[in-house]
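As written, the chain order gives the labels A, B, C and D, with residue 1 at the start of each chain.
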Amino acid sequence: MIRKERMKVIEQNEIARNIYELTLSGQLVEEMKGAGQFVHIRVSDSYEPLLRRPISIASINHELEQFTMIYRAEGRGTSLLSIKKPGEEVDVLGPLGNGFPVHEAKKGDTVILVGGGIGVPPLYELSKRLVENGVKPIHVLGFQSHDVVFYEEKFSELGDTHIVTVDGSQGHLGFVTSVLAELQQDFSMYFTCGPLPMLEALQNMYPKKKGFLSFEERMGCGIGACFACVCKTTEQCSVDYVKVCSDGPVFPAGVVHI
Amino acid sequence: MIRKERMKVIEQNEIARNIYELTLSGQLVEEMKGAGQFVHIRVSDSYEPLLRRPISIASINHELEQFTMIYRAEGRGTSLLSIKKPGEEVDVLGPLGNGFPVHEAKKGDTVILVGGGIGVPPLYELSKRLVENGVKPIHVLGFQSHDVVFYEEKFSELGDTHIVTVDGSQGHLGFVTSVLAELQQDFSMYFTCGPLPMLEALQNMYPKKKGFLSFEERMGCGIGACFACVCKTTEQCSVDYVKVCSDGPVFPAGVVHI
Amino acid sequence: MNRLKVELPGLSLKNPIMPASGCFGFGKEYAKLYDLSVLGAIMIKATTVETRLGNPTPRVAETASGMLNAIGLQNPGLEKVIAEELVWLEQYDTPIIANVAGTLMEDYVEVAKQISKSKNVHALEINISCPNVKCGGITFGTDPAVAAELTAAVKAVSEVPVYVKLSPNVTDIGEIARAVEAGGADGITMINTLIGMRLDTRTGKPVIANGTGGLSGPAVKPVALRMVYEVAKHVSIPIIGMGGITTVDDVIDFMSAGASAVAVGTANFVDPFVCPTIIEHLPEKLDWLGINHVSELIGRSHR
Amino acid sequence: MNRLKVELPGLSLKNPIMPASGCFGFGKEYAKLYDLSVLGAIMIKATTVETRLGNPTPRVAETASGMLNAIGLQNPGLEKVIAEELVWLEQYDTPIIANVAGTLMEDYVEVAKQISKSKNVHALEINISCPNVKCGGITFGTDPAVAAELTAAVKAVSEVPVYVKLSPNVTDIGEIARAVEAGGADGITMINTLIGMRLDTRTGKPVIANGTGGLSGPAVKPVALRMVYEVAKHVSIPIIGMGGITTVDDVIDFMSAGASAVAVGTANFVDPFVCPTIIEHLPEKLDWLGINHVSELIGRSHR
């Protein structure tokens, strides 16, 4: 069920340049089902900024009733969010959307998780769950440069992790696709979240593989009512369009027209 | 000179119901000349609320580079101001306007200071200065009820202090005028700040006395440029209008058409 | 006594609060959050004869205390709205106001004729004011003669009272209001969005794919309020007011200006529970004002 | 090379930033805060033939990300403005744009004729759009034929180029813009304020004594930007854009939409140093955009 709650800031840290890791606590965590869902955040009680900001759930701790998100402080809303201190409250609506179908991967499977920039966070909870289920994840994480890389260690603890930077300042030089090309190809499926060109490249690279892609779109309501976040679908899909907020943000490869 | 500075919150206390005493520090204090001037406060960096709030200077401490104001948290802006904590910053423009002419009162004079509600604060710095100059102030301070009375002790330390409440829950019952009628009448002048009906009553009560009244008006710029805060003048005045922000807020009795 | 009950042509409202068209879909999403029967009414998303897929994305952009949208009247089309959405909504004890849109006058007439037969549609809202569709829509709303003609044509076929939704993008809103009243409108709803634009500062290009969008939210409240006030002086049919309503105080203001009921749009995105919250707090606010019944508020600015 | 220099009819601007009329008086107050010579130009407060005392107070009210004003064109009158205010302003190396207002066409013509002779008045801004004066003003700005006629009449007597200030409270801003261009205007300034209202929630009465007021500030930026964009498509004379400008980014946006220079109004009240601050930061922003000269921004949204 979707709830709205003023959740408490437990911790907030800048873990890379302008990249913040924020942990919140509250009963809403009870509702969080899986990896790839998101929350819709109101960063202040002012009318300016007005709209909520969609941010992925990066990890869930049901025992402590806490969850963590990782975001880039860029525009007005995320900058305001980044100055929240422990003890302060954040207005959260969530959990929203349908996440990654963890159970598609079976015990013993090898799967590939491909993230780009601030598309990396939801893959962390996903990877934890896959490992719990006995699946072996391989992570390929692309960033702009070394100063915005985060969670390399955390992902490494869960499985093989390949870091790629556009300027080569950390890990491999180039794009995730160049690393992917060199990887073993006997994985059962891929999961990915990141910029549209990356999603498109992946889909083209593995036309025969099962894949699940997480999309981004500008949102109004975040719950499926306003038709702000629609994506056209491909011909092989039975509906004309899907809404990223309520039908997604994760869709099987081939559904969304990129 | 008028300055704009992000001043630091030193202390903030609720000293009566919804009445806050806020002490700020910064170099801008150097410019504060006298009692009755005000500052123009921006309570947040958001565009909402947009406009600055005019608040009187209640006391000045040049040594510590600090000043104190006292305000009622009522609408959106003052409510936001009231949650500022020590260490946070407040955007202050000031000092603005022309305060009370302290030197009109001569050593040995007895003067009357009449305040109503949130018109009381500027009289505190005024009273301190008068006492410094060897003037004897008598304070008549009107409030709605006992729970919004503040600074009784502080004023008492400086001179005779009469508290009046509309509901009689503290001090005298009724309005400041009823107390004034019973007071000695051999004072040289009066100074007053408070709601318009009170200013009018005072002016009518003492047609022959020298008096200085501090006015309020909705403001735009606060510095004399926008013509938002003009008041019509009486016939005996040589100009057609005055601006509360830059010509006032204090005017001699008889200048402003009430 | 129900202190919040308001009677309008075709609409017996248990309270004067309803979600605005396009900000509530056909109710399904919000039904997961609260019982829709608490609402005074529901204004459903604009319905056109044919299925519409709307504009390219991005379709929304944030502005200071407001937002722009250019959804482009995306909706499943008349047939599906009647057969699926409206039938689904029958489970709630809430009158539906069907928002009618189209390109040509015939489209409006067709939608009005069919949709007004649905059991739970108690009124129509003729959307002559959507700024986000290229032909039709906006022009109907800016020419008094055309607006009157369209009103009359819809009125002739509708089985329920007809409200006309006015555009704020006009020189003289009073003139348009009088025209639609003369055309036979049973009520007016206002305002639709103001035309606006946001640019990407880096590229200089519009953020919204459509170029321009409709401005809504708290930023437009002063404009909406003044227009409701203005129109209330010119017509004797009731007004359902909207534009930036977010709090109980906003509701009081719109009704004071002359609205008999109000709609809440953008605020649903900021707080999906805003409608029930307002409804819950309205009685206390009436107490604070020393007012017995909400209808005493209507037009008190003018008295 | 001066990266910020912009040449407009009558105006050689060292940078495209100037305070908007009515938000800067005649400069005296801001001169105590900074050297007015840093400004591209100054648009002085509206001047009428006679002394005007303006509307009753309250004259301003705050709204979400904006404000309402109904000052009512208070000013000392033509004679004093010329003899005192303009003479005082001569000490600064900054061209003055004189904002001309009145009730009848003759008033405008009279003010234009006299004030355009002042040494430092390099252009006139004909205020056909003030929403806060009962007769004149607003009607001139909403009727294309009248707007064109007034423009021609002023143009006939003015010794300096004439800019016409447009009202946003119209159905078709492009039409008015074309009309004043046809009437001989050398440039357009836009937008003036949107008509709006705020009510006291307790009493239901307007907060502003005048009833309605003009809405300005960040809230109106999307509307202003779209109108500048629209007018830029319709006319070939330059536009000075305004409406909510507060930051360097806002300046970039207005110039991208088609403005050749911009004016800053309400933001002066929020931060009296806003104009020099914007001017100071403009070059870094050009660097960030990879642009050499500010004029390269003009109209880039359209390209």
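The rule is short, and it goes like this: a contact is a pair of C-beta atoms (placed from the backbone, for glycine too) under 8 Å apart; a residue touches a chain by one contact, two chains touch by 3 or more.
Just so we're clear, the structure is a prediction, and the values are computed from it rather than from any experiment.
Placing every chain at the mean of its C-alpha atoms, the farthest one from subunit B is found to be A.
Between the Cα centres of subunit A and subunit C there is a gap of 36 Å. Annotation: 55 Å between the Cα-based centres of subunit A and subunit B.
Put simply, the C-alpha centre of subunit B and that of subunit C have 47 angstrom between them. Residue positions of subunit B touching 2 or more other chains, listed in rising order: 47-49. Residue numbers of subunit D whose C-beta contacts span two or more other chains: 63-66, 217-219.
Judged by the touch criterion defined above, the protein chains are all mutually in contact, each touching every other. Interface residues of subunit B, counted against subunit D in their complex, comprise 1-2, 4, 42, 47-52, 93, 217-232, 240-241, 246. On the side of subunit A, the complex with subunit B involves touching residues 44, 46-49. Residues of subunit A touching subunit D in their complex: 47-48. The touching residues of subunit D, counted against subunit C in their complex, run 63-66, 68, 142, 169-172, 194-199, 201-202, 204-206, 212-213, 215, 217-223, 225-226, 229, 244, 249, 252-253, 256-257, 289, 297, 300-301.
Contact residues of subunit D toward subunit B in the complex are 22-25, 28-30, 32-33, 45, 51, 53-54, 57-67, 69, 71, 74, 217-219, 246, 266, 268-273.
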